[in-house]
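Heads up, the next two complexes both have chain A, just with different partners, chain B and then chain C.
What follows is the complex of A and B.
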């Protein structure tokens, strides 16, 4: 067997092995069922989320799992889109206007050292509880990653020869920006977008714990306080699956972009 | 003296149409904005290029070759003197000039064909026409079969062909090249040089070629300007009287050896002077 195949197989074995261990310690009675659900049952419960019946009646009351899921996913998408819409132009501005970049740099680099979630009372005070404050949290968490990577990306391109090629072809500054800076910076910017999306997920889900009466984050917290361990784990599983799927899709696009740019 | 190319050269000499003229060009810049520490990069550069000529500028690294390239290409501004293209004073990139850069400049996000088409697209030429012209150029620079490859999938030499094609397709009167083969290995370099000669012959191009390779300059040029360092200026002009067409086999001839020797003697002096300066640190950079 080739080494690459061995590595790939081992990766899956690690995952399955861990799941197997969790399954066994519960079934063997080492850990109580009120603390941990066997992994296989997490999947079964997750499946039941989508079927009308007892699980849905117990937890979701009048709303469906789909409604909860789309609520969360919608908040993520909205907060991410707004972060791109504001973060990208701000990043370009910081690159174009170096003095501003230098002034803001210390704030930007230390931004993620501050636990934004500790500030939630302020956000509740301003936006109240609900979709608005959650989206704002996701936005707040994502935007700086996008600003930083955009500014760095354009800086990198500026160091290369590409803009000079545009200049030698007598292109206007605007056309050099659109036709050279923009595509050349795409891989760098995309790395920021990828991070930003992940931060949006974290921001939204974490905010739903405290600021929402709906959504996947709320589902986890609510089932936790209602001692619905099975449902809690199934909700967690759903969140993890969503994050992993989104992340691997983004990584694929990123690898493709960098692959094209590779020297 | 033989070869069609040689005749072409002579014919142009007779008409002696000056397409590029550099007069007393100089460039001085400050190392720090408010500081008195100024570096005189170029001084009293004088150069005349006739239509159809292949001119090389050779000098040790760091003597201001690339600065001169930027000035003639209109990318940077000089501090004294002037550059005239077809009698017109240059104050920005001139439409008659095409530039090939030392660094890798093929756009990695475009395929070979799209790269070659880039300038035409920007000039607003119809899709059909630019496709036809780009395809011809792809063939001329020897990239047939690689039209749809991205630069990341090509070798260094092929990437430089893409960059050359992108410049040539614009039909520039004068082609400025700054060590276009600098990053390539010696064999690829010689072969590409040979091909460059073939291409230039075909399109009757006027070329100003910057290099630090002696054999490259002798093989390609009608005339070689040898540069001295700090400030960079021309210390000698050498006519290369080796008949055309030339090829890599020219490298073995006696005359080739003699001229190479002559250039080397000039450069050796410069290089050793430069090494002494480097040993003394920055002192020499201060204004005298």
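What follows is the complex of A and C.
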């Protein structure tokens, strides 16, 4: 058997094996159903989320799962777009204006050391519970990753030969930026965008979990406190699947971008 | 004055100016926008002093958080280094484990916190476990990468000198993986810290995260800001300690090599 196939098979074996173990310990009664649902039933419940019926009625009294899902997704997209819209220009500014970059560098580097979520109660105090606070939290968590990788990406390109080529061709500064810096820095910037998007997801869903009245994060919290174990595990599964799908897709695109440049 | 020294002076001034600017904005917005219930910096400092000395409310919460953090982080360091070492040595295991490790990193782990509550209860144990769960992955990822990237020629040299496994580790593996492993340990600390605080904010009976949520419920803005300041100071201090150690080790290595 080829090596890559062997690796792939083992991966699936590990995944299915652990799911199987979880399934068995519940079905055999080693763990109570109030603490864990069999994995197969998690998928069934998740499927029922999207069908009208008893599960949906128990889910939330006043809103459908689709509403919660789109709410969360909208907040993620909004906070990410705003983080790019502000973060990218700021990153370019910090690269262009080296002194400012050096001044802010120690603060930017230690930003992710601080548990940023501790700011959430302050933000709720100012904006109230709701979409605005949650989006702001996602934005706050994502933006610095985008700033840092934009600035370092352009810095990295500057060290190479391409900008010199542009100069010797007497391109204007704007053209050098658009035709040389921008494409050459794309992979680095994309790494920042990838991190930013993941941080947006984490920021939004974690805020919803801690304090909110809507959304996927809230769904987990709500069903936990209502002892709706089945619904809780199904919503966790939904969040995990969403995060893994997005992350794998972004990692593929990233590998492709770096590979294209190496050629 | 040359342009270079002037630039360096400007940078240093700027670095000092940032916190001054933040304090200024804080002062202005707390006096101008009364509806925000934002206390002034001076008022916050008084509450902070009181919390650390006289009434000591901050101190007792801080103690619980630190115990949870220390235990969770210690567990993450031990398991992370061992797992990373094994995965770094064995290519097959690494290729199997890599997608799992990298994807768990991207999951909003806080939504899995109820599982920890089920397993460990509302007390400190669940936060220790949750801090461990957050902190262990960067340590695994960076240790694994560092072991994988040891230059083959160093290992060949070691073998041709007939070093025994212990010498091999001490003279070759340890020094060449040190920078990455240190970064992993630092990131692991940061994430373990986030994990513990998030866990306390979600469901807890003590700790700084718990105090945050309690004060949020009773509109105690001063207390909230005090806690944020304490958390930031701890995080930044520990990180600079790590940076200092990293820098020192690299300098020693450069001199020796």
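Just so we're on the same page, the second predicted complex is superposed on the first by the 261 of 263 C-alpha atoms of A that agree within 3 Å, B and C clash if a C-alpha of one lies under 4 Å from a C-alpha of the other, contacts with A are read in each partner's own complex, and residues count from 1 in each chain.
The definition used in the following text is that contacts are C-beta pairs under 8 Å (C-beta built on N, C-alpha and C of every residue); 3 or more make two chains touch, one makes a residue touch a chain.
This one's a predicted model, so the numbers in the text were calculated from it and none came from an experiment.
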{"item": "First (chain B), second (chain C), both or neither touched by A:117", "value": "second"}
{"item": "Partner chain in contact with A:29 - chain B first, chain C second, else both or neither", "value": "neither"}
{"item": "Touch count on chain A, higher of chain B and chain C", "value": "C"}
{"item": "Contacts of A:206 with chain B and chain C, given as first, second, both or neither", "value": "second"}
{"item": "Touching partner for A:175 - first (chain B), second (chain C), both, neither", "value": "first"}
{"item": "Which superposed partner A:224 touches (first chain B, second chain C, both, neither)", "value": "second"}
{"item": "First, second, both or neither for A:161, with chain B first and chain C second", "value": "first"}
{"item": "Residues of chain A contacting chain B in one complex and chain C in the other", "value": "none"}
{"item": "Complex interface listing, chain C residues touching chain A", "value": "7, 10-11, 14-15, 17-18, 36-37, 92, 95-96, 99-100, 102-103, 105-108, 110-115, 117-118, 190, 193-194, 197-198, 201-202, 208-209, 212-213, 215-216, 219, 221, 224-225, 227-228, 231-232, 235-236, 238-240"}
{"item": "Residues of chain B that touch chain A when the two form their complex", "value": "73-75, 92-93, 95, 97-99, 101-105, 107-110, 118-119, 122, 150-152, 166, 170"}
{"item": "Footprint of chain C on chain A - complex, ascending", "value": "6-7, 10-11, 14, 35-36, 99-100, 102-104, 106-107, 110, 112-122, 124-126, 198, 201-202, 205-206, 209-211, 216-217, 220-221, 224, 232, 235-236, 239-240, 243-244, 246-248, 251"}
{"item": "In the complex, chain A residues that touch chain B", "value": "160-162, 164-165, 167-171, 175, 179-180, 183-184, 186, 259-263"}
